[in-house]
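Both complexes below contain chain A, partnered by chain B and then by chain C.
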Partner chain A sequence: MSNAFDYLDLARGLVLLGGAVALLGVLAVLIGSAVQDRRFVLSARRAVAATSFLTIASAILLTVGFVDGRYERSYIYNYSEKGLPLGYKIAGLWGGLDGSILFWAALIGVVALITTIGFRRGQSDPHGRRMEPWVYLVFGVVQLFFLTIIGFVNNPFELLLHSPSFAGDLQAFLARFPGGVVEDGSGLNPLLVNYWMMIHPPCLYFGWVVYTVPFAYAIAALITGEQGNYWITRIRRWTMIGWLFNTTGIILGGLWAYVVLGWGGYWAWDPVENASFLPWFTSTALLHSIMVQERRGMLRTWNAFLATTTFVLSIFGTYLTRSGVVSSVHAFGSGNAVGMWFLCFLLATIATCLFLIALRQPNMRAAHRIESVWSREAMFVINNLVLCAIAACILILTMWPKISKEWLGQDMSVLAPVYNKVTVPFFVLLLLITAIGPALGWIRTSRRAAARNLILPMVASLPVALVIQYGAELIHGGEPRPLDFSARLYPTFVLLYVSVLISFTVLYEVLRTASNRARRSGEGFAAALVTLLLRNNRRYGGYFVHVGLAVISIGIVCSSMYKVQKDFSMERGESVRIGTYELTLSDVIQETEPNYEEGRVYARMALQLDVRTDAGRTFQVFPERRVYPKKDNQAVTEVEIRKGLLEDLYVFFQSSDEAGHINLSLFRNPLINLVWAGWIFMIAGGVYAALPLGRKRVGLAD
Partner chain B sequence: MRTEPARGPLAALLLALLLTAPVLADGDAPGGGHGVAVDPLPVESGIDVDRLQWLYENVVCACPKENWSKTLAACPDGCAIPQKMEIQRAIVAGLGDDEIIDQQVALHGAKARADPGMRGAGAGAYFLPVVALFIFSWIAGAAVRRWSIDGRAARESRRDRQGALSAEDVARIERDLSRFE
Partner chain C sequence: MKVAVPGLLILIGMVSLIWMGIVQGAIPEVGVQGLQTGQFAGRQVRLQGVIEAIETDVRPMRFTIRDMQDPEVRYPVIVDDHRPDIFKPDTDVAVIGILDPETGVFEGTKIFTKCPSKYEASDPGSMGSVAARSGESVPPEDPPIDPE
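What follows is the complex of A and B.
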């Protein structure tokens, strides 16, 4: 604590220095544009790179502080402890509010560095030279904002003595920590001690941070009036990378909720979950509309709007999580001062974007028009419309309880049933468009050709969807259960059918095209198929993502419509039954265990349940409850999930009482693994589409 | 995550303290739920499981620590058991779904209703997304119309540049031709 050279103080200094350098970079761009001197652009580039290095170094030093056990720092004290394994100690960096903002700023630094390298390599490109300073301006402003917050509002390097708990009261501090030595931290929230926590937040943050690049290019295009496709081609891969990480973050968040929270589900329409979803919709729309601009020279203003909106929504998500404006299990608490900062930044960004779009919109004319509704670009426009409508609905529903309370004086909850009713029709439409899109060509498709491409998949999908529904009903053990009235309006079958249709349309399209190629070129079908997939990786990678979406959709439909939940109260020796499983409570194990390698003792109460299936298979499950004395006796459950190919048996130990009753929740989740499998499809397809494999595309717009 | 149990007097003492302490028994501990003083859920209650699940999905968990952020279906904690029992008793008493939800609202307040429906400000939750849809449709329609006009104008100007004849030119040439004839 009394080190002459304290690297954590140095880290704080680096943050402040970084902020100053970022400000210099912003000024360099503004002065350079005023005096039309290229040397200022080079200064701005160096300023962005230097700020990035300083921020990354600061984050690394804080991580070293976590590993080093510097518990006299408030943030490290609150989110770590000696006994934690190394991975969780590192994860402490993003485990709380202050550190997560530094982590975010460091990720922006990584992205900004890569962008400056890209400009340095391609500095002969006149479009690039024109846009470069404005991209740096955006990065500079964003970095300056985050570093100001870290430096002056949420300082992760603050001493525990000066934290709100002690407010500089040395007497109280010494009474709590004799000799002023803080030997151990209070520990990470036990709910966060899960391996998915080490992966899920960084993925989500990185996805959101990467959206800064399309935003920066869009702003640069709007400022310079750049009408060509230069900026669109530059942001496509960045958007894809952001989208991949955003998707992964969302799915891993669902997986985390599923294995930790114990309610048998993975998505509860929680405000913070919604916040992670909002930029996903607009970035998905952008990925599609980029193609329209590349190929047909259309949607220029729209693309700028989507790129800026995606960034704005990612900042909105940060605001929602960190301000405590809405109640959520994921939020970093309420009443945080940082909320107002984010709100101001958000409003300033929105105002700037709207102003620039309004200013440039008359010059960003489309080169072509939509010739027919039966064309791929028309489908992309509808797809964009639906995606944005879903995002708008979710945004409104997320904020509605707050709006209703503050402005209309009515306290109310808006939870899953409302979201399902409002968004399910849009999702059905989205899936339908996803199914039809690949069957249509650019510019115009004759009705006969469209019918030829669609009829076979439509017919083939029918029995497959029926089989899936019948199978799910069999697992459920009866009639399909309506989720709410929307389920009666949009029966399960429609959702399943459209999902299967997506896969079949893609399959038919791939086979048909490979067959045509084989016939034309004289090569074998397999060789034609491989050549086709390799030369058009963007297209077929995208189709693979569609198949992933279909698989996820089937998983969501079956696991929510045909889920079975039963709550039981039982005593030792009693048996209960759920579907084909009979569970007998054979033992209740009570003990204390040291958590991790040392120290942190928790009390543990585990149930031993002998399970017998109707098929005669036997196994045991051990759901647990753990109590952590260090965290005010916080109780955390350890769910037991018996994974199967067709369904999961999910056993949750709810509570126990003095009379010896054990309250247990049992779930059967049919086909839930398709949700995770679909994610793997999506990621594989997305990565394949992002690879620089295929031939260079020459758009019709050119 | 599971590790071998610790042995020794310290472990035994902590076990005794933690698992029998009143803080766990009264259900007030953060995240706690052991020993909630309610009738245990019946092993075979005979209640329609699907109906019960629907009600759980439409009633918000009133556990204070959940802060009205989860439905009962998504609230697995022990502190939700009394509320779940209220619903089960109401079903056994023969109440309909709406009556049960009204009863929950009477017991726990308006926030217990997961779906505010079209009542009061709740209508906004349904109405505003429809407005959003109309706005987006209008934007899309306007954009398509504009592209169409621009595209047509661009084509016409291109045709002019390529030397294509305008309607007046065609009329003039036809007049001249007829004069020659």
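What follows is the complex of A and C.
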């Protein structure tokens, strides 16, 4: 490009300018606090806003570069090409390391801007005025860190000529690209060309980025010694939003793996997956412990710890993903300089948080103590401990190859069964607490009242859990043994039972409370129920999330314990059987056809399988294998999934040989769709709980 | 103090479960060179290396794996698992299995190839033909095998 004005150079300039402005904002906070002058706070606010605008503008310009086909830029060359549809070109922004950091910084800009607007509107609040500069300090430091990396370590605007492949060697560059014109990019890997690529990473990134807000407020509270509930009420909705996006990112990542990778599963305990899961546990714990501080004035230090830990874990995930410190089936960047930057930032953040917590802890006394284990706050505390224990287990197991190398001198790999063995007991405990919690009141619940609230759901859950297990056993194809508490069935039944119990406890609690209200107020039951749900959206939204968790849990248990997998080698005209399905290979379609609009030609081999069920239903499935010449003839499988209410028929075309044999893998995944359905419950409940409805809560602490 | 006991139990449970899980389930991660020492013969390991030559890509797959650092060090591998999408020469691969000391063949039960990365750019110098690099459409060099 020989243009005198290049908007991508401008974009890089905006990044550098943004970094300088962020630094000025940080200095304004420090000087302002030293001289006690409010005008410096306003300068810091403007600096955070300006940095945000500059970063967002830079990310938009890079996106324009993708759409515009500016393949002379190394990053755009590597993650895009002419023939890609617009959505995937835009997704190129977060498709690689350099762009994903800019995207992250732009998202921080978005939440920082919203935070500054919040402070502007609530200027009269004395708590807000005290904390405001320190929130800006945190945003300024985080923005400065990311912009420094974008500006000097992972520059997404670098010219291809100056990339490590050519290192400025013009002769080599011209030999590869005659006339110096780079007409097309190398394109996204075919496995990434999937619509989930446009949705899953932004969701996950946004969830992680939103955790910066609770972190900023927690640091501000620790610096100022703010002991009240102001900061907790400010972060509750932010934490919920971050949690919703984090949850969505995790589930959609699983769904992506399920529909693309051809192994019939959705979770493999890979370090990348674990990294996305870790902050989810601590943010879930925070959402619960916030309520304890609001209502009982307890867990003040703990809440600051959870808010900071959630942020630290989201940065840890980024470090893990980009440094290559632990080997993964995902091809991490290995030996990237950025890994060391993230490690330093991580260590500095942890040291600062620990120092501030240790400094303020003596002054952050709880207003009350837990009076009984049979109270809601005690259940919240135990729930927090279990969530943190699961996060700690996953963290240690994920890092075990590194830890063992340092301590034992030998890399030790931890496989999925170890994760299951270690975490499943805690998950059972977590589900049990989730089931019991709503049946208990604040401060103290008599055993009689607790028993009254629990016995009916406990009894009702028993037959339902048995029926689910019986049905899953039937789909599994074995002899139904619902009462056989053998090694395999006993833990399965316990998991199913506590999951069902969660739903029944919630249902019983809602019906009982609505019934009491109707009796007291003289309203009809339906009117009482609606009023109850509207006036207590936080509580009932939360309960809805619990039901979603129970539904997901049932889906995970059934789809993993009762999954059926069979491998076949077959020829045209042959039939194979899996459970109630009979599949006949009726045709093999082989063709070369254009992919998208231009350029990306692939050879395609599709199987036509006629399926007949024992119930007489017939349909066809077409699993495929595609070969992409532009990616060194990479073969990509297109899985065929026939979705059903009770199970999925999953057909994976493995390979073919010269003799004409087709190798197929068939899976029956019982109740797997409950995993995705449960996610919808969780999101609906979370959104409902976050809505500004209902009455203002008055804490018992007040 | 009311939650100290549950907290302590959770902590003890966590340490015990991690300890048992690691003792019973963690397996050594070795390079192809590491197999030569003989110290891992007959033990389950996670073998990391690079696919060199593929004898058959149909289950059970047979191929040769070479060391990442020293390409001269190779072992024959047989894996009874699904063929991953990115199963081709020069691909980084991890195989879980056992080295049979008598035959010298590494017998795997699980194979992982690395997913295409969002975080590792391809090198323009290592990508297929010049035509492909410059954006022209090229027919596949190795189209799917016609079953007929």
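By definition in this document, the second predicted complex is superposed on the first by the 684 of 702 C-alpha atoms of A that agree within 3 Å, B and C clash if a C-alpha of one lies under 4 Å from a C-alpha of the other, contacts with A are read in each partner's own complex, and residues count from 1 in each chain.
By definition in this document, contacts are C-beta pairs under 8 Å (C-beta built on N, C-alpha and C of every residue); 3 or more make two chains touch, one makes a residue touch a chain.
Fair warning: this is a prediction, and the values are worked out from it, not measured in the lab.
In this overlay on chain A, chain B clashes with chain C. Once the two complexes are overlaid on the shared chain, A:I199 sits clear of chain B and of chain C alike. Contact with both chain B and chain C is seen for A:P417 once the two complexes are overlaid on the shared chain. Contacts of A:F568 after superposition: chain B is touched, whereas chain C is not reached.
Once the two complexes are overlaid on the shared chain, A:A28 sits clear of chain B and of chain C alike. When the shared chain is aligned, chain C comes close enough to touch A:E81, but chain B does not.
When the two complexes are overlaid on their common chain A, residue A:G265 makes contact with chain B while staying clear of chain C. Judged by the touch definition given at the top, the superposed model places A:E638 against chain B, while chain C stays out of reach. When the shared chain is aligned, no partner comes close enough to touch A:V428: not chain B, not chain C. In the superposition on chain A, contact of A:W302 is made with chain B only, not with chain C. Taking the listed stretches 1-9, 91-99, 109-117 or 163-171 of chain B in turn, the superposition on chain A shows a clash with chain C for 109-117 alone.
On chain A, the surface touched by chain B in one complex and the surface touched by chain C in the other have residues 261-263, 327-329, 369-370, 381-382, 385, 389, 392-393, 396-397, 400, 404, 410-415, 417-418, 421-422, 567, 569, 590, 592, 594, 601-605, 625, 627, 629, 631-637, 652, 654-658, 661, 663, 665 in common. Those residues of chain B whose C-beta lies close enough to touch chain A in the complex are 1-6, 10-12, 14-15, 18-19, 21, 23-25, 27, 29-37, 40-43, 49-50, 53-54, 56-58, 60, 66-71, 73-78, 81, 84, 109-116, 120-122, 124-126, 128-129, 132-133, 135-137, 140, 143-144, 146-152, 154.
Touching chain C in their complex are the following residues of chain A: 74-75, 77-79, 81-82, 94-97, 100, 160, 163-166, 176-177, 183-186, 189-192, 201, 261-263, 321-322, 327-333, 336, 369-373, 378, 381-382, 385-386, 389, 392-393, 396-397, 400-401, 404, 410-415, 417-419, 421-422, 425-426, 429, 567, 569, 571-572, 588, 590, 592, 594, 598-605, 625, 627-637, 652, 654-658, 660-663, 665. Listed in rising order, the residues of chain A touching chain B in the complex are 193, 261-265, 268, 270-271, 298-299, 302, 327-329, 365-370, 381-382, 384-385, 388-389, 392-393, 396-397, 400, 403-404, 408, 410-418, 421-422, 481-484, 563-570, 574, 576, 590-596, 601-605, 625, 627, 629, 631-638, 652, 654-659, 661, 663, 665. Contact residues of chain C toward chain A in the complex are 2-3, 6-7, 10-11, 13-14, 17-18, 20-22, 24-30, 46, 48, 56-59, 82-83, 85-88, 92, 94, 96, 112-125, 127-128, 130, 132-148.
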